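We just call them A, B and C in the order they show up, numbering each chain from 1.
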Amino acid sequence: MNRKTLFALPFILLNSVIIFAALFKGLQISLGYYPIVGLKDFSLNNYQQVLVEPFFQKSLLYSCYLALTATFLSLIGGVALAFLLMKVPSCWLHKIINLPISLPHIIVALMIMQLISQSGIVSRIFFQVGWINGMDQFPLLIHDSRGFGILAVFLYKEIPFVAVTTLAILQQLQLGYIEVAKHLGASTIKIFFSIILPMIQKTLFTLFIILFCFTFASFEVPYLLGNPRNQTIAITTYELFTQADLTTRPLAFALNLVISGICLTVSFLSLAISRFLPGGRKIW
Amino acid sequence: MKKWLIGLLATGMLLSLTGCKTNETKEEQKAESITTFSQAVTEAKGETVTFYGFGGDEKANAWVDEVVTPAMKEKYDITVKRIPMDIDQILNKLTTEKEAGAKEGDIDVMWINGENFYTAKQAKLLYGPITDKVESFEKWMDVDGHNSTYDFGVKIDGYEVPYGSAQLVFAGDSENFKEGFPKSTKELLDYAKANPGKLTYTAPPEFTGSAFVRNVICDIVGYDKVENASSDKDALYKVIKPGLDYLNQLKPYLWQEGKTYPTTTAELDQMFAAGQVNMSYSYSQMHVAEKRKENEFKPTTESFLFDKGTIANQSYLAIAETSKVKPAALVLINEMTSESAQLKKAEAEYGYSIPPFDSNKLSKETNQKLSDLYKNQGVLSLEEMQEKQIPEVQAEKIPLIETLWKEHVLHE
Amino acid sequence: MVKLSSKTSYYLLLLTAFVLLLPMLFLVLWSFSDRWMYPSLFPEKVALKSLNQMRLDPSFFPAVLNSFFIAIATTFISLLIAMPAAKYFSLQKLLAPRWIEVMIYLPLILPAIAIVTSTQTLFLQVHLTGTFFGIILIHTYFCLPYAMQILLESYRQLGEGYQLTAESLGAKPWTIFWSITWPLMRPGLTTAASLVFIVSFSQYLPTFFIGGGKIITLPLLLLPYANNGRFGLASMYSVVFLLCTMLGVFILKKAIGGVTYGTER
């Protein structure tokens, strides 16, 4: 342990203490030890109950669907946007693209609702132009089972986020490689897959992990814009948490730990995949 | 490196295990010894007290900031701080503080009711009894009435003071109900069949939507049956099944054929205002008057009820067990439930709120002022509202009913 | 790259910016509207109602100040912690890069609500709840991943070469930092700082639980109105929110500086 390690110390300290405390408490309560309500035995009952519940599997799948779709689309859209940003150095446009990142998700959810609900702005435009005759003819884009509104919110926020992060990385890359490749006659597609992608691939997988976990555990947006028939897992947890009856708390904590487990698994898997793809093992 | 990790693990665990040792503070001894209101006033002089309550109603917020806070400063030299916080989170905060062994917390007075009172009492989060120490209770309220002894079917035992009342009221545009408003679930179903796609309700466990479902059930099955049913899920299901069947019958005639529902009452109101659906509802009796005044509802909008009654309840004020300034908290509650403050709250500016008073204890002028409230456009008379009331179902049954609705209506 | 002329790229970007800006413009319209029913495209009545209600709330101005203070402090501390840590992790050979990444992203992977509620208990025991320091700490926890991610890549790009060369020429560590590391790291630092500022400014759950209501920030005022459908008021607060974050990022960019747009090679 040398002096250099001291550099990393505050970082490790802060994260460890918080995470361990949370993990410990979560485990403690979910395994049944909750003195304030009088529960004092340890058991795996809560986990069993949570995993067997019929709605759990449904909401798990739905959360996965939302998270995967939102993340994939955001990554593709974001990288494309990053290239656009690189080509166009306009200061103002860059600033505008940065704006959605600052908005809290709930505001974006409200904005989207005001835009694409059946009584929203887009519907009013269609009405004025004569494309529809009444608001019921406007397609249902929120509270629908495909989660269109929810995806719109996440895309609105995440595409700029991906773009800006990727841009920062792209700007620091040595693009000389591309010039060389072009000189040597490589086609655009080959350049993209052999040179650019490996360079940004690690960042993309990282972004995938962050976005997936966030969307997976997201609560407010699906709550506001979702279909009550398709609950996400975070909503189920929230409902367990806010029951008047405190004895459901252990269930909620168990669910919390399950969600964390899933997120961690997905993260490890993604990192493993990234390792095997070109560019995965290099340290720049 | 390994040693470090183990060390950190241990630190984290240790910190989460140890509770804080605190000695009984001087404050606690003070609180125990308060027996009269005037004593509370003397002890509370110069203190700062916090009020935690729902923050999404800007009129209620303005009332606390513009009416109560100055009055408290002037009359008792006490500073009031209003903190917007949902009751779920208030309870969560108190629970967590209790788990951590804290003897003192930030919350003094809180706005609470129903299922949440049940939780708070169960977990011993409240200080009390307080009704004997708050003057307004004896002075203006119906001390033995149902609302002063039971909250959502839970015995109050003096741990909370009535603060306001609420009743589920439906809103409709009289232009859309040429044959009169539906006065029962049967008439509602007929209307739905004649006007498919024009009705909907917010999905439980949304607070008011849940009340709507309970109201429908009580209208069909009868309140007494529901009250007497045991709190076991299967037994309860058998009792409320006719109500759930009705909702399933209603489903195909709802907006989007009942395949989806709005999730907040704000959204339902918006759909109603835009003409997408013909009916909305609210727990606030004056909702229609308020919305008409703000030009959000059309002037032809009126309130209506079921003949068999709609659910009514009270909201209350309570004091946290961990409050550091219990005397000041008592004074605040007294002021908030005083005649002067409540009359102001009844004005349009502060939301047309109905005071929790017993009309027998009020002066003639006050009674006149209050009944004039009901002469507002779009609102029903006080007599009608009081006539057509049914009490709330017991708190522990509510989540069960919500789950049953989900299982048998939503996913049918 | 893809065969897009500069002109097409420009128009595409313009279109994207427009699509992103549109909802925000309507947000502004909502802040100043009094009555806006279907099917009108613009508010029927314009009023300063929401603006006044917002100004008159006694917690409004303190909330803005608190948000700023906490965000700036969090940015400062996050950078302070992240910079040495990122440098260490970029150079060390002990742990595989992947493990480091997992370590860094843990705060984003684990569900926030679980972490925040448990941290509340922890902080309660060490009397950190209701204090600015406690809030800044928990914000830093959530913001560090963003800072670390960006700075880690930046340090990796930087490499050790310049530093080693300078060392062998006899330069002192402080000189190396100021003359070599700092100028080269500035773009990364600016991006990291801006991101941390924004993330901290928009935090709701941590401030809510750890602040315990004693310390009010802008999101805490905004969310109850947003949740309850007071859309005019919520829009007004959102507009103020946006302006504040833009201001904050602007200040940070000026202070740290060094960002170039596009490639100028």
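Rule of thumb we're sticking to: a contact is a pair of C-beta atoms (placed from the backbone, for glycine too) under 8 Å apart; a residue touches a chain by one contact, two chains touch by 3 or more.
All of these numbers come straight from a predicted model, not from anything done at the bench.
A complete topology is adopted by the chain contact network, contact being made between every pair of chains.
Among the other chains, B has the CA centre that is most remote from the centre of chain A.
Of the two chain pairs examined here, B-C and A-C, the one linked by more C-beta pairs in contact is A-C.
Centre-to-centre spacing of chain B and chain C amounts to 36 Å, using the average Cα coordinate of each chain.
Distance between chain centres (mean CA atoms), chain A to chain C: 16 Å. Contact with two or more other chains is made by residues 38, 117-118, 121-122, 227, 231 of chain C. Multi-chain contact residues, meaning those touching two or more other chains, occur in chain B at positions 1, 15-16, 92, 99, 264, 267, 270, 274-275.
Within chain A, contacts with two or more other chains are made by residues 12, 17, 19, 21, 24-25, 119, 135, 241. Here chain A touches chain C in the complex through residues 4-8, 10-12, 14-15, 17-19, 21-26, 81, 83-91, 93-104, 106-108, 110-112, 114-115, 119, 121, 123-125, 127-128, 135, 156, 160, 164-165, 168-169, 171-173, 175, 178, 188, 191-192, 196, 203, 206, 209-210, 213-214, 217, 219, 234, 237-238, 241, 253, 256-257, 259-260, 263-264, 267-268, 271-272, 274-275, 283-284, going by the rule given at the top.
Within the complex formed with chain B, the residues of chain A that make contact are 1, 12-13, 16-17, 19-21, 24-25, 28, 35-37, 55, 113, 118-119, 135-136, 140, 143-145, 223-229, 239, 241-246. Of all residues in chain B, only 1, 15-16, 18-20, 50, 52, 54-58, 61-62, 65, 82-86, 89, 92-93, 96-97, 99-102, 105-107, 264-267, 269-270, 273-275, 295-296 touch chain C in the complex they form. Contact residues of chain C toward chain A in the complex are 1-4, 6, 9-10, 12-14, 16-17, 20-24, 26-27, 30, 38-41, 80-82, 84-85, 87-89, 92, 97-98, 101-103, 105-115, 117-119, 121-122, 137-138, 140-141, 144-145, 148-150, 153-154, 156-157, 159, 187-188, 191, 195, 198, 201-202, 204, 219, 222-223, 226-227, 231, 234-235, 238, 241-242, 245-246, 249, 260-265. Residues of chain B that touch chain A in their complex: 1, 4-5, 8-9, 11-13, 15-16, 88, 92, 95, 98-99, 114-116, 118-119, 122-123, 197, 203, 205, 256, 259-264, 267, 270-271, 274-276, 395-396, 398-399, 406, 410-411.
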